[in-house]
Amino acid sequence: MIKVFIFGISGKMGQILAHSLPDDFTLSGCADSTRIDEAPSDVIIDFSSAAATKSVTALADKLNCPLVIATTGQSEEDIGLITECAKHHAVLRSGNMSIGINLMLKICGSLKGIGKCEIVETHHTQKKDSPSGTALMLKAASGASEIHSLRLGNVVGEHKVIFGLGNETISLTHTALDRRLFADGAIKAARWLINQPYGLYSFDDFLCSEKHPSLFHSER
Amino acid sequence: MIKVFIFGISGKMGQILAHSLPDDFTLSGCADSTRIDEAPSDVIIDFSSAAATKSVTALADKLNCPLVIATTGQSEEDIGLITECAKHHAVLRSGNMSIGINLMLKICGSLKGIGKCEIVETHHTQKKDSPSGTALMLKAASGASEIHSLRLGNVVGEHKVIFGLGNETISLTHTALDRRLFADGAIKAARWLINQPYGLYSFDDFLCSEKHPSLFHSER
Amino acid sequence: MIKVFIFGISGKMGQILAHSLPDDFTLSGCADSTRIDEAPSDVIIDFSSAAATKSVTALADKLNCPLVIATTGQSEEDIGLITECAKHHAVLRSGNMSIGINLMLKICGSLKGIGKCEIVETHHTQKKDSPSGTALMLKAASGASEIHSLRLGNVVGEHKVIFGLGNETISLTHTALDRRLFADGAIKAARWLINQPYGLYSFDDFLCSEKHPSLFHSER
Amino acid sequence: MIKVFIFGISGKMGQILAHSLPDDFTLSGCADSTRIDEAPSDVIIDFSSAAATKSVTALADKLNCPLVIATTGQSEEDIGLITECAKHHAVLRSGNMSIGINLMLKICGSLKGIGKCEIVETHHTQKKDSPSGTALMLKAASGASEIHSLRLGNVVGEHKVIFGLGNETISLTHTALDRRLFADGAIKAARWLINQPYGLYSFDDFLCSEKHPSLFHSER
């Protein structure tokens, strides 16, 4: 049984994570902006915010365990704290815990330059940002010239990247079926991280070492 | 001006190739099952059939030029002839001259094993084989459990490979817009081949050296 | 405030319905196989099973209110009970409470015969039946020659109907984003039903009277 | 054998039409901007331009035969000439000879108002107008709020109309596989028109009378 500490348990993703734990995980402790319930843990997963970097790295020291950071927007100072923390613990940091999106980014990077490229992304009508952050990452990776953003119904999230190659087209489509996918990715990354030596890891490090050696090996 | 000899000019692909030559290519000679019009050439493109392997390799010797073989079904003896020919000429052999399909095969190979996979392919109602040869290649590359073959209208050819990853799916779709795409690929491969040293090359060798180093480099 | 009685509240759809009630609906009573908590209600929604036909029609008589029956598999005797019930109450019966699927069925019926047609349906790997019941309904409506069933990840449900018309294709795709869509449809049907005179209604009757007069009017 | 006169034979569509005639059609005469080769004909198909309205209606009088007008941009005076012509001949006028697009327009009209709607259209990179004229027609029919125009490779033309309905989406996709589809539609309309009484007809009149009574009947 893997004892997991959820940092940011009151947030949307913290809640989803707490309700998505697989059978071999158990919640050992948790924290939100008002309290920290400490307990011996095998790994910390942080879905809070960059503002908590100091607290969460301090907690990793205190509990002496690996740390998965799933937040974005860290300052240089925050990065410094994380780098220091990674000298004594295995730390994985990624702004996107979706295995599928991370694979798409890799593939898009590989196809970049084969032909003109455009992106179509569709999300629910309540989404505030347009284009989505993921679409911007895919644009950077693929060299797409344009992003087209559709906002329809309760669509969880679909990203399509299309390359035109003269008399052929290739398109890649990622469909998010449930927001739990981000919790799924964090759990898988955590399960991997607890067996790694001290150091700072990216989501790619996890993906590369686990599978897909032909896709990823060359870039390490 | 690149002087190209088209072997199998009376066949469907030979005809398309003859009518798809770009401005810097000129037809120097041609052959079909009844005749060979020889002339000095910079490259031979063979869209005839494996039965012509002896003739086409002999022609490469006679014209002393590189050879692109775009046929399938070679016997062991044919392979021997091609291997021998490649000791004195640059020879590229591939059963599929589509750049897009070759890229798809690479990507599918990279994703193999990430989750359950199925393939949907759609072609015109006149197509005789089902599933398509390309679908079978994609199945081998991706580890797909099933191929679903649709036959509708005059669809040139669409291949979709879908991976299920729990709460996410990733799909790759290749759409053929015009059969000329195979001529396009053969021309591009020929243009590359005339600058290569003697040896036997695959379509991947061409794709890898031209672009997409991150996708292909690790597998050479 | 519309007081709704949920019949079959312990089942999967009954639970989803109970948690999907909009602000102008309130739960007045409920029943499962072990108990009936009666109370004055404005409408009954039945997501139990055909086996409960006698109980639920008796309840409609007792509470003297309209009844939405969202179950399938009624026997002739059940149909007789429902028909009798509809002499004194407004009763809507449909095996599929999805507004989108009901629209698709209409459109497919309209396109039937314009060209060869095939269906591709995708559902999660846990789904027991293959093809899906909805795919079978779409096949009957469209005249499709084949259904291709994919089972991948946690896909809620996608149905695609493709018509080939020579040098054109037309495809219709319905995507279920969340199983709540069936509760949504039942709620909308119930809101409409409470203003109808006594009688037996289909889901189409609801759709036709509410909107889309041009699509549906001719068939009434 | 149906004798067809092609008006505008030197243009792109006139050429495609001349090369797409089915076995029961024969070319009896033709005209372009420089000449008219008259001969007894069973039907005239006009793919020239609105500027030729006077000539083509005069020709219908002279040859005393039905007329299919496949051009756009007629002035009021042109419309007057066509209306007069239709008093003595069967005349069908439509700016879009695609059977599939005309069906899509009907369906979109039927679905208008069921939910938020957006359109994605994809064409080859050489296309001059953006959005496409067809996309604008679909927007008017569907009530779509936005058109997203992609320009990739040699894509002949794809139009996708997506409706969001809360927890469901419905999308309609039309794919043009070859520009011959417009010639196909004109030929089918012509074959129908030669059996109609004098009068002015739309493409819908043809579609409605031939098939799809349930979809179209209500709107006549």
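What to note about this one:
First chain written, first letter: the chains are A, B, C and D, and each begins at residue 1.
We adopt the following convention: a contact is a pair of C-beta atoms (placed from the backbone, for glycine too) under 8 Å apart; a residue touches a chain by one contact, two chains touch by 3 or more.
These numbers were taken from a predicted model, which means no experiment stands behind them.
Placing every chain at the mean of its C-alpha atoms, the farthest one from chain D is found to be A. Counting the residue numbers used at the interface between chain C and chain D, over half appear in both copies, so the two copies meet with largely the same residues. Separating the centre of chain A from that of chain B, both taken as means of CA atoms, is a distance of 38 Å.
Inter-chain spacing, taken between the CA centroids of chain B and chain C, is 50 Å.
Residue numbers of chain D whose C-beta contacts span two or more other chains: 153-155, 165-169, 177-178.
By the touch rule above, chain B contacts chain D in their complex via residues 153-156, 177-178.
Partner chain B is touched in their complex by these residues of chain A: 98-101, 103-104, 107, 109-111, 113-114, 165-178, 180-181, 184, 211-219.
Interface of chain D with chain A (complex): residues 115-118, 120, 122, 125, 146, 148, 150-155, 162-169.
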